[in-house]
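Here come two complexes built around subunit A, the first alongside subunit B, the second alongside subunit C.
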Partner chain A sequence: MTDLVKESSTQILAREMALTEQSVERRRRIVGLEPDDLARIAGIREVVLAQVDHFASVFFDYLSGIEEGRVLTNNRALTERARELKRSHLIAMVGGDYGRAYAEQRLELAVLYGRVGLELRVFIAAFHRLLRSIGEAVMKSTPQAPLEAFASFMALKKIAFFDIGVIVDAVVFERERVIRQQQDAIRELSTPVLQVRARLLLLPIIGVIDTHRARLITDSLLKAIRANRAKVVVMDVTGVATIDSKVANHLMQTVTAAKLMGASVIVTGLSAEVAQSLVALGIDLTTLNTIGDLQGGMDEAERALGYRVVSMDPRRDGAPLSPG
Partner chain B sequence: MSDSVVVPIERETDIVCARQKGRALAAAAGFLSTDQTLLATAISEVARNIVSYAGKGTVTLQTVQEGGRRGLSIVASDNGPGIENVELAMRDGYSTGKSLGLGLPGAKRLMDSFALESVVGVGTKVTMTKWLR
Partner chain C sequence: MPVPVLKQGSVLIASIQAALSDRDLVELRDDLADRVGRHRSRGVVIDVTALDVLDSFATRTIRSIAYTAKLRGAETVVVGIQPEVAFAMVQLGLSLDGIETALDLEEGMALLQAREAERVG
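Right, the complex of A and B next:
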């Protein structure tokens, strides 16, 4: 059962990485694999198959010998699985079939390395050790024809670099997946809609507004208006350094949508620079209800909702609260 | 040779990158904060046009010197479909997309000089400069 799940996760990764028969063919061409090489690899197949266990041991002995490698070798269950995969890898390396299925098998090891956090440079060093011992065995097998043996080993090395290519791509892809997920998380977190009082929402916008984020802002605002039965929204753009025509358009559409849902929007915190560039761009924001700063906007919003903020200090009764 | 930066434009995040590089160059050239924002906005407009209409292109930012004055020049070029009617494209409120149609004419107003060359099927090149006051 777990095996089935593992199978499919590798297949999903292969699909996401667009590891098709075509792209694998392209990979073979990139490392320069030719029919000639296949014949040479077939010629040393027996040499490799005879010592599969030994070669696999070279790989894992190297890893357990250095600190960076122990993230894998300290985990006995995963090491067993990796050893199994490495053995079938070695058998497949001289198998002559380097299509999509072969590439997909490489992914499973890559996922395993990624899971324990085995660094690529450590994997590559261990793989190099393994290749070296294969090379030595190949050279020893035909001492009378060293040039032939060397050419055969170089043919096999093309496969090795094909493998490294797939594994590096898979690890990078997984790492970028984390970045993509974090970006999404930051986007979600960076568009909070805060309820300040009953029927009054605050929407602080900070940083860069792109199309995706603008949509998120609109979405979460409209949902919050519905959920809180809000009548007034203060949208603060103090933290937005640049507003171009597209972003301005997004903001206006958000305001219009809020209006349709029965909430009026007060925009605060347009900087002098942004105001000037909006005027120069020719964007008419006069339909927006803008107020200089956030404090003024909140005062106005509270007034509109019938609130009156009274100071606890009787001498200042009625005056808006201000520091100092 | 003066400083020059080429920013490849393909995605929306590249627009932000071009804008930030433009702001930094403008600040280094001595532009005041208001002008930095105007420049960043103009860069944003032309870079966005690349993403929206051509898909792929570059924005080149360069500090320039001419006579006794210094400035920042921005070249946005792409190999996209080109603009059929340049005159119309420079008119306020005209857009073949669903935008406000203020990008190109707006960018022109933000800058001191502005030139648009476009050949249908070959590409578009916007060259614009703002001088230090």
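Right, the complex of A and C next:
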């Protein structure tokens, strides 16, 4: 049962990573695997197969020998599974078939490393140890022809780098999954349009603005302008981390659309960094009515609507509620 | 269908009732240009509430109505642009730069009155 689930999760990962026949073919080309190499690998096949257990032990002994490797080796059950996978990996490395199925098998180990939090640099170091011991065995097997042995080992090394490529990509992909999920969550955040006073709306924007979300924001703002008969809108972008030309364009469109419906827009909360990057990018927002912070924007909006906020505190009689 | 133009004090109200052909728009433009002078109007309100589309020709004509009226001494306000229309115009890059807009007829009249008060007072 668990095997079935594991199998399918590897397949899902392969699909998400777009690990197709074509992309695997591309990966083979990137490491420079040629038909010659396949013949050479076949030549050293017996040497590797004879000592599979020894090579696997080199890998795991290295891991258990260093602090960073113990996240895996301290977990007996997972280590057993990893050892098993590593053995079949070594057998497959000299198997001669390096298609999609081969790449997919590498994913399971990658997922396992990712789950225990094995650092990639530690994995690569251990894998290097393993390759070195294979290299030694290959060299010893044909002492009379060292150049031939070296060429065969280099052919196998291409497969090894192919494997590292797949595993590194898979671990990074898994790690970035969290980031992708969070980005989706931010994108899905709703954007409320709040009525602060009669005819005054507040539109706080938080998170990432893309075309889809910009459309939703504009849409809900325009509907709210009509429903509340708003004349002034304060759009606060404090929560927008970065504004590039695309985002600026979206904001401009929202402002222009609101203007067509007879509402003027005050943009607030452009941070110093954002303002500087807009200037550096040469994006002209001078047609927008911008005010430093939300408080200033609300003051301005209230003034435009004819409100005057007065403190009820006698000590500050008649003074505006806001300082300055 | 020609657009009815109503006179309310010093303001002319052009209330568009149905989708307009290009010809209707040109007629509206000529009609308003003529009446602004005849009635010595100080304001023009173009009500587009009934329209669910404003294409580039309509936008251009409205702009030229506004500029013509301005030259003859009247301020133009476009009122009642629907949310969908506003969004589509922005997407198409159509703008009504330099022309006042208001939510509806009531708002538009209030805006013209405020302008008039500014000018007098």
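Throughout what follows, the second predicted complex is superposed on the first by the 183 of 324 C-alpha atoms of A that agree within 3 Å, B and C clash if a C-alpha of one lies under 4 Å from a C-alpha of the other, contacts with A are read in each partner's own complex, and residues count from 1 in each chain.
Basically, a residue touches a chain if its C-beta (ideal position, glycine included) is under 8 Å from a C-beta of that chain, and two chains touch if they have at least 3 such contacts.
Small disclaimer: the values here were computed from a predicted structure and weren't measured.
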With the two structures laid over each other on chain A, which partner does A:Gly262 touch: subunit B (first), subunit C (second), both, or neither?
second
Should A:Arg175 be classified as contacting the first partner (subunit B), the second (subunit C), both, or neither?
neither
Applying the document's definition of touch, where does A:Lys223 land relative to subunit B and subunit C: first, second, both, or neither?
second
Tell me which partner A:Ser245 touches in the superposition: subunit B (first), subunit C (second), both or neither.
first
Touch check for A:Lys140: first (subunit B), second (subunit C), both, or neither?
neither
Both subunit B and subunit C touch subunit A at residues none
In the complex, the residues of subunit A that touch subunit B are 208, 210-212, 241-246, 248-249, 271-274, 276-277, 280-283
Would you tell me which residues of subunit B are touching subunit A in their complex?
12-13, 15-16, 19, 33-34, 36-38, 40-41, 44-45, 48, 92, 99-100, 102-103, 105-107, 109-110
Residue ranges of subunit C in contact with subunit A within the complex:
78-79, 81-83, 85-87, 89-91, 95-96, 101-104, 107-108
Contact set on subunit A toward subunit C in their complex
215, 218-219, 222-223, 225-226, 229-231, 253-254, 256-263
